[in-house]
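For reference, the structure is listed below as structure tokens.
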Amino acid sequence: MDRSRLEAFSDGVFAVAITLLVLNLAVAGPGHSNPPLLRQLGNLWPAFAAYVLSFFMIGIIWVNHHVVIRSFKAVDRTLLFLNLVLLLFVVLIPFATATVADYRLSDSKSGRIAMMLYGLVFLGMSVGFSSIFEWSLHGERRQQPLPPEARWAARARFVAGGGVYVLAIVAALFNAVAAFVIIALVAVYYVFERTPVAPPPGDPEASDK
Amino acid sequence: MDRSRLEAFSDGVFAVAITLLVLNLAVAGPGHSNPPLLRQLGNLWPAFAAYVLSFFMIGIIWVNHHVVIRSFKAVDRTLLFLNLVLLLFVVLIPFATATVADYRLSDSKSGRIAMMLYGLVFLGMSVGFSSIFEWSLHGERRQQPLPPEARWAARARFVAGGGVYVLAIVAALFNAVAAFVIIALVAVYYVFERTPVAPPPGDPEASDK
Amino acid sequence: MDRSRLEAFSDGVFAVAITLLVLNLAVAGPGHSNPPLLRQLGNLWPAFAAYVLSFFMIGIIWVNHHVVIRSFKAVDRTLLFLNLVLLLFVVLIPFATATVADYRLSDSKSGRIAMMLYGLVFLGMSVGFSSIFEWSLHGERRQQPLPPEARWAARARFVAGGGVYVLAIVAALFNAVAAFVIIALVAVYYVFERTPVAPPPGDPEASDK
Amino acid sequence: MDRSRLEAFSDGVFAVAITLLVLNLAVAGPGHSNPPLLRQLGNLWPAFAAYVLSFFMIGIIWVNHHVVIRSFKAVDRTLLFLNLVLLLFVVLIPFATATVADYRLSDSKSGRIAMMLYGLVFLGMSVGFSSIFEWSLHGERRQQPLPPEARWAARARFVAGGGVYVLAIVAALFNAVAAFVIIALVAVYYVFERTPVAPPPGDPEASDK
């Protein structure tokens, strides 16, 4: 099993999951009991907001996935299954997005639980990513082995990444919109971030990104 | 991140989005209250028309996407996110198509708003494309740098492309069918067009297309 | 635009279309008014039959698509759009399959019309294929140019292929099951066929299949 | 037809099928007659359990598919169609998963039949896999021909694999949960398994996995 097959399969899953997000957007046709289209589209704003956020989140995970996978020498069965765990949570994103859209970021108990579910899916994804990174630290798995002092710094970055999702889940206990904003800030951070995710400073690969 | 990964992921999204268009086509099964199949299929004509137009539009965007991406030297994080913006609108096409089909190109207020939504999605896609092109003009990003005098001509082409969608949106204020025809003419133009989208005259790449 | 991109995009569409066939299979959950699962699964036999036939038909079109595309030297814009026409009909197969399944191959008028729709979709696909083949006969487009005397024989094969679907459509006017059997025989023929679709006898490519 | 195209198409089908599993997860929006979200999510536990199991099963089939296909020298038309048979059952997994989720692993007659359906789909997949393996034993199809004494051992492994699904189907006659646990044990076994599926001991390919 070479790296390119793992990437091709994962890319397929990312591409289908990101496209399935559109199934959460739907309006009712013309009919006596349906509101006019303009009002329906206006009512759909939580669905559009959740669509845009989830679209960029999946896009970011895809970008980071390649940066991480590219830094490995080879693929073994353990990595394949850790990768499956990561993808299992990526595929849940359209479900969590639909739930958030249905409950409209409202401040009802159900609205807050929908946002907790959304945060939990990203937390699971983050744990999957951290496991893949941890796996890469053992044996001769990285093209550029991380020096011991850089490992804890890198681990801290992964824990911090997961910590933001924990924060979002806790915030969702009190306010759904606050949790949504936290995850949106994660997306904005990654879009504008220029540091590569995993390689240490001085990694020659890092310069061509 | 090399160019081929960007293309593979984008191709996946294009392939899924173009195939999801079929989900807008559905008839009700046999039943006392359902009209006979032939009448149902006849009633489905706006859905078929929207299916064919959106299918060719996504196909055209896919073709142009490759022509444009192929002319770049390398891929950076900015391009990845501009490309995500483009794909965000491509993935909305099945939703806008379903809305147009549901409101049957009718001249009701909702029918006109459905067509405006359809035009807006293509306008967003067009803005995404123009941003990618603009990105390519700075730094050493193109395999064949555009001479300064060709840049404004190329920019004008992109603005004109977006302008046609603005025209379609304005036309939709008055008549849904007129807006549909305008976008259909864009599709016909691109199918029969022989000029490559971005490379300037004299570009050696242009000769092998 | 090189051949491999055309193949990758087409493969994506084939893969999504063949997998979407499963959405036509669904049972109702437990409930007072729903029949027990075993009876529901039994009632679903037309859906299973249509699933299996459409699955193999899409698989066959995919196999033949590669044999045909592989015999070309290069890809131009005309081929891209002829290929889009072919894919437009391939993507319609899940819709036609769902319609045939809903109307249960019954001998009602609607059941016969559902089968005509099914045949029409394959006829459209066949016309798309023939256009691609015809395109390849002009200019220097084939890796192994067909000698003039072989062209008519090859064209005759394509017309015969389309003719079988015309026969199925005509048969559907009288009996839905007969039309279904005719298309099933096409599938069986292609599964067991050993002759390559397009290359002439003596084509060195033909020997490695 | 080279091996890489077969792999690309199969990967696409695997990626779409594994992602479509998410469509089985859905909650009702807020409404007078709908239970609160937390209770709905709790009620969804059979759907989550079936999602996780099917996700790993498809992932495992994907991994094994590549190990097996990689050991072949070339691809012929027979293999393409045996592979289609395998994929036909893989694509049924989301349907069987949805049925199991709907009937909630309950010990009603319908709950047991849903689990039998689930087992049958995996049995069909297993038979498809065995046929592909059997095909590879004849002619010069393997990169490393299996010595005659290893063939029966390998066949026995495939029969044993299928036998576990037969056991699950029989168990489902008596208890749906027992059958679910048996298939879950298959998944656990393959996740932790370190032996390659098909290659004999001494196969140089086996060492790089």
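Of note:
As written, the chain order gives the labels A, B, C and D, with residue 1 at the start of each chain.
Note that a contact is a pair of C-beta atoms (placed from the backbone, for glycine too) under 8 Å apart; a residue touches a chain by one contact, two chains touch by 3 or more.
It should be emphasised that the depicted structure is a prediction, and the values quoted were computed from it without experimental measurement.
Between chain B and chain C, the superposing rotation on Cα atoms measures out at 90°, rounded to the nearest 5. At the interface between chain A and chain D, under half of the residue numbers involved are used by both copies, so each side presents largely different positions.
For the pair chain C and chain D, the distance between C-alpha centroids works out to 26 Å. The distance from the centre of chain B to the centre of chain D, each centre being the mean of the chain's C-alpha atoms, comes to 37 Å.
The set of chain A residues that touch two or more partner chains comprises 8, 11-12, 15-16, 20, 23.
On chain C, the positions that touch chain B within their shared complex are 1, 5, 8-9, 11-13, 15-17, 20, 23, 74, 76-77, 80-81, 84, 87-88, 91-92, 94-95, 98-99, 102-104, 106, 108-110, 113-114, 117. Taken together, the chain C residues at the contact with chain D in this complex read 7-8, 11-12, 14-16, 18-23, 25-30, 36-38, 41, 52, 55-56, 59, 62-63, 66-67, 70, 191, 193-194, 208-209.
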